[in-house]
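Look for chain A in each of the two complexes below; its partner is chain B in the first and chain C in the second.
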Partner chain A sequence: MRAIETEILVIGGGVTGVGVAWDAALRGFDVILVERRDLAHGTSGRFHGLLHSGGRYVVKDPVSARECIHENRILRRTHAHCIEDTGGFFVVTPEDEDSDYPDRFVQACAETGVPCQEMAVSQALRREPRLNPRISRVFRVPDASVDGFQLTHATAQAARQAGARIFTYHQVTDLLVAGGEGDVRVVGARVFDAVRAEEMEIRAAMVINAAGAWAGRIAGMVGSRVDIVPGKGVMIATAHRLVNTVINRCKWPSDGDILVPAHTVSIIGTTDVPVADPEDLRIEEWEIRKMLAEGEKLIPGFARTRILRAWAGVRPLYRESAVTDDRDISRKFTLLDHQERDGVAGFITITGGKLTTFRLMAEKTVDRAAAHLGPRRPCITAETPVPGAEHGPYWLGHRLREVEDGRLQNQLICECELVTRGMLESAARLNPTVTLDDLRRDVRLGMGPCQGGFCTYRAVGVIHELKLGHGVTPDTEGSDWRVADLQSPAGNPGRGRPPVSGPEPVSSLADHLYDPNLLLRDFLQERWKGVVPIVWGQQLKQEQLDRLIYLSIMNVDHLPDAGLKSPLSDFYGVDVTPNDVLEEPHD
Partner chain B sequence: MTDLLIIGAGLSGLLAGVWARRQGLRTRIAATGLGATHWHAGTIDALGYLPGEDAPVRSPFAALTRLTAARPGHPYALTGEAGLREALAAFRTLLEKLGLPYGGAANPDENLLLPSPAGAPRPVYLAPAAQLAGDMSRPEPYLVVGFQALRDFYPTVIAENLTKLGFRARAEFLPIELITDRRDFSTIDLARAMDSADLSRLANALKRVAAPGERIGLPAILGLRRHGQILAALSEAVGAPIFEIPTLPPSVPGLRLTTVLREHFERDLHGRLDLGMTVTDFHAEAGRVTWVASRASARPVRHRARRFLLATGGILGGGFHSEPRGRVWETIFDLPLTAPQKRSQWFRPDFLAPEGHPVFRGGVRVGPDFRPLTLAGEPAFENLWAAGNLLADSDPISERSLEGVAIATARAAVTSLINTDV
Partner chain C sequence: MFNADTWLPPEVSLDLCIKCNICVSYCPVAEATDLFPGPKYAGPQAQRFRMAGQPAPDLSVDYCSGCRVCNEVCPNDVNIMEMNARARAALVAEKGIPLRNRLLGRNELLGKVGSRAPRLANFALHNPVSRVAVDALFGIAKEAPLPRWSTTGTFVDWWEKHYPHRLISDKKVVYFHGCATMYYEPFIGKAAVAVLEHMGYEVIVPPQNCCGLPMLSNGEFKAAGKLYDNNLRKLGPLAAEGYDIVGTSTSCTLTLKEEAPHLLDRHSETTQALTHAVWDIFEWIRDHEDELPRDFIQMEMVIPYHPPCQYRAHRVGRPSMDVLALIPGVEVHESHARCCGIAGTYGYKKEKYDIAMKVGQELFSFILEEEEHHHTEFNACDSETCRWQIEHGTGQESRHPIEILAAAYGLYDLETRTTL
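Entry: the complex of A and B
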C-alpha cells in the first residue's frame, strides 16, 4: 500500500476544510486535504448562496451576527471575485406586521454592529419592482450573493499555491491510531482513491476533521462521540432572476424566508428537517409547497413562476445537549480538541458554523493545531487575497460581455449559462474531473432552463475530443489552477477550432472514467434527480424535449457499456420521486 | 363554411390537412406553431421498442399484437395493422411525389437500424433517402466526418460507439470554412449556406479524407431547398455513398419534412394555414362544437366549422398543461385524460427507465372512429375528432413510435370524419 506523510491531514473538501488547508499552508505547515468526492460536493455546494451580513442572527444569536459581519467584510476583500455585491433587504410583509420583531431587529443590529438602514418602501419597490407592494417597512443591510463553488475552489487554489496537496475522490475509510488505553493518538488515515480504485495511507502529526455533516462518522472511527444533527434544508431555483437584491423576511428566522439572486436564477430557502443520515437528500412534496407559498409572500406570483430545480443540503449542526427545534441549535461553530475532550491526541474536529464564517473557523482550528504542533507564522488569511480577487466582485453580465467582446458565440456549449468550449476544456484539464457534474460546479454547465438538454451531449463530445487531442485551447497541464479564470469566457480563449491533424491524446484525463456513454448517463440522471421534485407546466414540456433528444434522437438508453459505473452513479440513482406527504409533519 | 378545422400543425395536423383537402374538404389549420417535427430526426419511427424491452423491434407490424396486449388502448389497436401499413404506404407515396423520398429496409415489414448522433443504433421504419446509406446492415465501413466548431455533432463519439458495437468506423474533421464564414451558426444556417455553396471544395476535402470503400456520414446539413441535388452531386463527386446523421435540434431533416408538407397544403392544395393562432376556447350546442376561439390582441376570434380535428400534441406539443398539484389537462376542450393526476405517480426514478414515465403515456381516449370519449365512454362531441401524440396509452418517445402514431391516426381520423355525416 502506498503511504505518504504530512504534518496536517484535513478531512473534508468543503469550504471549511479548504479554508483550514489554506490557513495552515500559509503558516508554513505541510498539509494534505482529502475529499471523498469533488470539492464543494456536500453542503458548501448545496446552500442558497447568501453571504450573511449577520442580520438574520442579530436577535436570536448575537455572537453569530458579530462573526458574520466581521467575516463578511474580510471576504469582500480576500474573495471578491466569488461575491456579487447585491446588498440585502429585510422586509416586513403583512404577515409579520403584528410583531415587535422589526424594532428589536433595529436595536439588535445597532448592538451587534451590523449596518442597517431603514429606507422608504417606495424606494425599495423602485429597486425591486417584483417585491410585494404591501410590505410596510424595509431595512437595508450588507448581505451579498456568494458562489459557494467558486469560493471553495478559489480557496483550494490558494491553498495549493501555498503548498497544500489536495486529493479529491479520496475517501477516508479508517483513522490510523497509535498507543493504547489512556494514550490514544491519531496518526493518520487510510484512504480509498475512488478514481484509481486503490488504498493508501496518509500519516500525519495532526488530523483535522472538517467533514461537516459527516464529522460524527469520522470521529466515531476512533470512538469519539460527536453528535451532529444533520439539518436538511430544501432550496428551489427559479428560471429567472426575480430580484437583484437579497430579500429576507424581517421576522424570527424560519422556513422559506430568504430569496437570493444567484447568477441567472434566484434561489429561495430553506426548510429545516433533522435527518438521521446526511446522505438523505430526499425532498418532500410539502417542502416544495412551503417554498412556493412563502415565496408568494415576498414576490406575488412566485408560485406561478417557472421552477428549474430543487435540491437539499445538510447543515452540520452540533448538539451540545438535548434541544428540540433544530434551528435553535447554535449556528456558532464548535471546535473540539479531542485530546482534552476524550483523551485522543492528534485529532481536532471543527464543525457547525456557516459558510460566511469559514475563514474564522479555519483560523481558530489552525491556532489550536499550532498549539500542539508548535507555532509557525501567525494567521494571515484575513489580509491575503486569493488568486482572482483582483478582478473584484462579479456581476450578472460579465460572461455575456466577454462572449460578445471576444466574438465567442460559436464556442458556446451551454447557451443558458454562457459556458464556452474553452472554459469546459480548461476546467476538465485543470480540476480533477470525474463526472460532468464536477464541470457543472466549475463553470455552471447545465444549470439553466434546459437543465442539460443541449449541453450534456455537447460537453460529452467536447471532453471526448479533448481526450483524443482535438482541444481548442492550449494544453496547460501542470500549471496552477486558474480557478478565477474558469468562470470567464475571455480567460479561456480557444483558437476557435480544433487542429485538423496530429492529435495528441491528453494524458491527464482519467481514462476509464472518460467513457462518453457513462458521462452522458450520469449527467442526465443527475439533472433528472433535481428536476423531478419540481417539474410541471413549462418545465415538464422541457423534460419531454430532453427525452426526445436523448431517447428518440440519440438512443442513449441503448449505447454500449451499459454496466459501467462512476463513483457517483449510485448517488445519482437514488429515488427522488415525490411522495404523497402534502403537509408538514407535526410531532 | 369550413368543412374541417384542424387545430395543430405538427405532423398529424399537416398530414390530416393534406389528406382532407385531397378528398375535397374545405380545410383550415389553426395552430400556435409548427409542432415538434423540426425537433426530431426527420425519420419515421413506427415502433422501435416494446415497453420495458431492451432489444429493438425487428418488424413493427409483427410486434403490434404484443404492443396492444401490453397497452390495449394504444392508438395502433384502433388503426389495426392494416391501417398502419396503409397509412405508412400513403405517406411514402406522398413524400415521393413531393420530392423528398423516404425509403426503408429491403424487407418492407422490417425496421432499419441507423446510427444516432451518439453512435447508438436507432430503429426506424422509414428514413429520408439521405439517411439510408447509414443502414447498419450494409457492409461498408463508416467514416464519420464532422466540422470543426460545429457544436451540435461529435463524430469521435459516434465512431467510438460504432466500433464498440462491432462496426468498422473512424472520425475526421473538416474546416467549417468549407461551408460558411459566419462566426455563429446553427445547423439550419449551415443547411441554408449549403444551398448556395460551391460543392467542389467540400467534395475535394471529403475525397482527401475518405479511404476507398468507406461510406461517409455527415451531419444532417446538406441543404434545405436543393437538398436532393446536393446529395446526388456530392456522392457522385466523391465517389462514395454519402449519408446524413441527425444532429441536436433544430433538425434540418425535420424542417425539410415540415416545409414540403406545409407548402403542398398551402400552394398545391390551396388549404389555409394560420400560425400564431392559439385556440383557447370553444362553444358547443346540442352535443356539437359550433366554434372555437383563438387568442388575439383585442378579443378572442371565433372560428366556425362543420368538423373539428384536435391535433395539438401532448405535453411536448403543447396540447396538455400541468400544474404543481399534479393535475394534467387538455387545454381546449378539457377532455378527460388518462394521465395520472397525482405527481407522486407521474415518474419512475430513472430518467432512462425502459418503461417510460406514466405521465408521458397519459392522453385523450378516443373511440374506434377517433372521436374523443367522455368518462362514460360516449363521444364527447358529435363533430370532434382527435389524432396524433395526444392520444392515450402510448408513450411515443419510449416506444419510438412518434411519427408512426401521428401518420396512422391522422389517416384514420380523416377517413372517419369524411365518412360521418354531420
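Entry: the complex of A and C
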C-alpha cells in the first residue's frame, strides 16, 4: 500500500477544508487535503449563493451577524472575482406588516455594525421593477452574490500555490490510531483513491475533520461522538434573473424568504428539514410548492415563471444536546479539539458555520492546530488575494463581452451559459476530471435553460478528441491546476481540433473510468435529477426536445457498455420512493 | 391584434425559448454573414447576460436587420426581434448614435429639407461624387438605393389643390401617408385617394408626422417616443371618434398599431384605441370588399409580388394579393423569399450594404426568373424601401399594389405613375 506523510491532513474539499488548507499552507505547514469526490461537491456547491452582510442574523444571532459583516468585507478583496456586488434589500411585504421586526432589525443592525439604510419604496422599485409593489418598507444592506464553486476552486488553487497538496476522488475510509486507553492519538487516515482504485495511507501529525455534514461519520471512526443534524434545504432557480439585488424578507428568518441573483438565474430558498443521512437529498413536492408560494410574495408572477431546476444541500448543524427546531441550533461554527473534548489527540473537527465565514473558521482552526504543532508564521489569509482576484469583481455580462470581443461565437459548446470549447478543454486538462459534472463546476457547463440538451453531446465529443489527441498526464492531484481563469472565454483560447493520431492517448480523465458513453449517460442523468421536481410548463417542453435528441436520435438508453459505472453513477440516480416527510412538518 | 394583457415583455418571452434553432436556420442575415451570430444567440440567449445599468456586453446584435423572420418561424412565440431592438436601444443609449444613423432616423427632416429644392437636392445627393463623399463621411453605402425627392411637389401640396375637389361623403376614412409618400412618392398617396374615393369614401388627411420607425430601428427610443406621442395627440381623437385610419406604408401602420407601443412601453386607452383604428390599406380594403366596385378593366399581366416583412407582424396574411386577385387578367405570383435585405435603413449602412444585397438575392433571382418566363414589366411590393431595394437589385421597376388597383379602375397610369 502506498503511504505518504504530511504534517496536517485535511478531510473534506468543501469551502471549509480548502480554507484550512490554504491558511495552514500559508503559515508554513505541510498540508494534504483529501476530498472523496470533486471539490465543492458537497454543501459548498449546493448552497444559496449569498455572501451574507449579516442582516439575516442581526436580531436572532448577533455574533453570527458580526462575523458575517467582518468576513464580507474581507472576501470582497481576497476573492473579488467570485463575488458580484449586487447589494441586498430587506423588504417588508404585506404579510409582515404588523410586526415590530423591522424596527428591531434597524436597531440590531446598528448594534452589530451591519450597515443598513432605509430607502424609499419607489426608489427600490425603480431599481427592481419586478419586486412586489405592495411592499411598505425597504432597507439596503451590503449583501452580495457569491459563486461557491469558484470560491472553493480559487481557494484551493491558492492553497496549492502555497504548497498544499490536494487530492480529489480520495475518500477517507478509516482513521489511523496509535496508543490505547487514555492516550489515543490519530496519526493519519486510510484513503481510497477512486480513480486508480487503490488504497493508500496518509500519515499526519494532525488530522483536521472538515467533512461538513459528514463530520460526524469521520469522528465516529475513532469513537468520538459528534452530533451533526443534517438540515436539508431546497432551492429552485428561475430560467433568467428576475432581480439584480439580493431580496430578503424583513422578518424572523424562515423558509423561502431570500431571492439571490446568481450568474444568469435567480435562486429562491430554502426549506429546512432535518434528515438522517446527509446524502438524502430528495426533494418533496411540498417544498417546491412552498418555494413558489414564498417567491410569489416577493415577485408577483413568480409561481408562473419558468423554473430551471431544483436541488438540495445539507447544513452541517452541530448540536451538543437535542433541540427540536433545527433553525435554533447554532449557525455559529463549531470547533472541537478532540484532545480536550474526548481525549483523542491529533484530531480537530471544524464544522457548521456559513460559507461567508469560512476564512474565519479556517483561521481559528489553524490557530488551534498550531497550538499543538508549534506556532509558525501568523495567519495572513485576510490580506492575501487568491489567484483570479486581480480580475476584479464579477459582472453578469463578462462572458458575453469576451465572446463578442474574441468573436468566439462559433466556439460555443454550451450556448446557454456561453462555455467555449477552449474553456472546456482547459478545464478538462488542468483540473482533475472524472465526470462532466466536474467540468460543470469549473465552467458552468449545462447550467442554462436547456439543462445540457445541446452541450452534453458536444462536450463528450470535445473530451473524446482531447483524450485521443493531446498528450496530457493523468492527474487527480492537479499538478498544473489552474482554475482562476477557467470562467473566462478570452482566457482560454483552446487548441482547436487535435490530430486524431496524437501522442500516447492520455488525459486528466482516469483511464479505467473513461468511457464516452458513460460520461454522456452520467451527465444526462445528473441534469435530469434536478429537473424532475419542476418539470412542467416550458421546462417540460424543453425536456421533450432533449428527450428527442438523446433517446430518439441518439438512442442513449441502448448504448454499449451499459454496465459501466463511475463513482457517481449511483448518486445521480433519481430516487422516487416516497420520503417519510410527505407534508410540510409542523411543530 | 395587440393586447396589453397578453403581450409579453421581451425579458419574459425569453423564457419561452427551448433552443430548438429553428429561428437560426431561417434568419436571412445569419445566413449571409458571420458577423451576426443569429436570432437565438442575440435574442433569448444574450438577453440573460444583459442587465440594466451595466455596460452592454454585445455589439453584434446591431447586425439584426429587424426583418422578423425569426418571430414568424419560432414555434414558441419568442419576441426575438423586439428583444434585439431593445438591446440595440440600450447600446445606443450607452454609446451614442453615429451621425449616420441620426440622419437615417430623421427621414422626415431629410424629406422636408430636400423638398425645398428637390432638383438641387437630388443632384446633390445622387451624383457619383457626392455618393462617394457621403459614403466616406457618413458611412452610407454609395451603391445603396436612396430615394429621390419628388420634383412635382409634396403629397400635401397636391392634397391642398385637390381638397376643394375631393369627394364629400357620409362614409369617411382617414389617410396616413407617412414620410415616403409625402416627400418622395406623392403618387402613391394620389393612387390611394383615387381608390378610396372610387369606393365612395371621403378621405380625411389630418396633420401628422413621421411614425418614428426609422428611429426605433436605429435604437433612438427617446426621439421615437416623441414622434409617437405627437401622432397620438393628432390621431388619437379621430380614433376615439371611431374613424378608421389607413396607410399605404406597411411600416408606418405597423409602428402606429403596435411596434411603438410595444417597444416604448406605451400602454393606455388612447394607445389601444389607435391600435384598433389603424389599418394597412389593403387589410382595410379586403375587409370592405363588398364596397369595392367591380368595374375593373381587363389587365392581362403577371405580377411578381413580394410581401414585405412588416406583414409578418401585422399578422393579416396577404391582403394585397387577395384584393389584386379580383382584377380580371391579373396573375399575382408570390415570392417566397424571406426578405429583400434593406430592412428599413439597414441596407443603407456601408458596413451592411453587402449583407443586405446577399440577403435580397433570393428575392432578386425570383423576380428575374419571373421576368424571363413571363416578360413581366413590373413587380409589386407594399413597402417603399423594399421597392427601392428590389429595383436596385433587379433593375425592374416596382409598384405599390395600390397603384395597380388604381390602374385597374382606369384611374392611374402605371408607366408614368400619374393619376388620370
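Here is the rule we use: the second predicted complex is superposed on the first by the 552 of 587 C-alpha atoms of A that agree within 3 Å, B and C clash if a C-alpha of one lies under 4 Å from a C-alpha of the other, contacts with A are read in each partner's own complex, and residues count from 1 in each chain.
Here is the rule we use: contacts are C-beta pairs under 8 Å (C-beta built on N, C-alpha and C of every residue); 3 or more make two chains touch, one makes a residue touch a chain.
All of these numbers come straight from a predicted model, not from anything done at the bench.
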Where does A:Arg134 make contact in the superposed view: on chain B (first), on chain C (second), on both, or on neither? neither
Just chain B (first), just chain C (second), both, or neither: which does A:Arg196 touch? neither
So in the superposed three-chain picture, is A:Glu404 touching just chain B, just chain C, both, or none of them (first/second/both/neither)? second
First (chain B), second (chain C), both or neither touched by A:Lys565: neither
Once the structures are superposed on A, label A:Leu396 by its partner contacts, choosing first (chain B), second (chain C), both or neither. second
Which of the two partners, first being chain B and second being chain C, lies in contact with A:Lys541: first, second, both, or neither? both
Answer with first, second, both or neither: which of chain B and chain C does A:Arg77 touch in the superposed model? neither
Of the two partner chains, chain B (first) and chain C (second), which one does A:Arg377 touch, if any: first, second, both, or neither? neither
When the two structures are laid over each other on chain A, which of chain B and chain C touches more residues of chain A? B
So in the superposed three-chain picture, is A:Arg2 touching just chain B, just chain C, both, or none of them (first/second/both/neither)? neither
With the touch criterion stated at the top, can you tell me which chain A residues are shared between the chain B interface and the chain C interface? 409-410, 454, 541, 545
The answer for chain A against chain B in the complex is residues 285, 288-289, 292, 303, 407, 409-413, 421, 454, 457-458, 460-462, 464-465, 468, 470, 496-498, 500, 516-517, 520-521, 524-525, 527-528, 532, 534, 536-537, 540-541, 544-545, 547-561, 573-580
Chain C partner contacts - residues on chain A that touch it in the complex: 239-241, 244, 264, 305-306, 395-401, 404, 409-410, 415-416, 418, 448-450, 453-454, 538, 541-542, 545
In their shared complex, at which residues does chain B touch chain A? 36, 39-41, 45, 54, 56, 116-122, 148-149, 151-154, 156-157, 160-161, 164-165, 173-176, 182-185, 246, 248-249, 251, 314-316, 318, 321-324, 326, 342-344, 346-352, 354, 359-360, 397-398, 400, 402
Help me check something: in the complex, which residues belonging to chain C touch chain A? 11-12, 14-20, 34, 37, 40-41, 45-60, 76
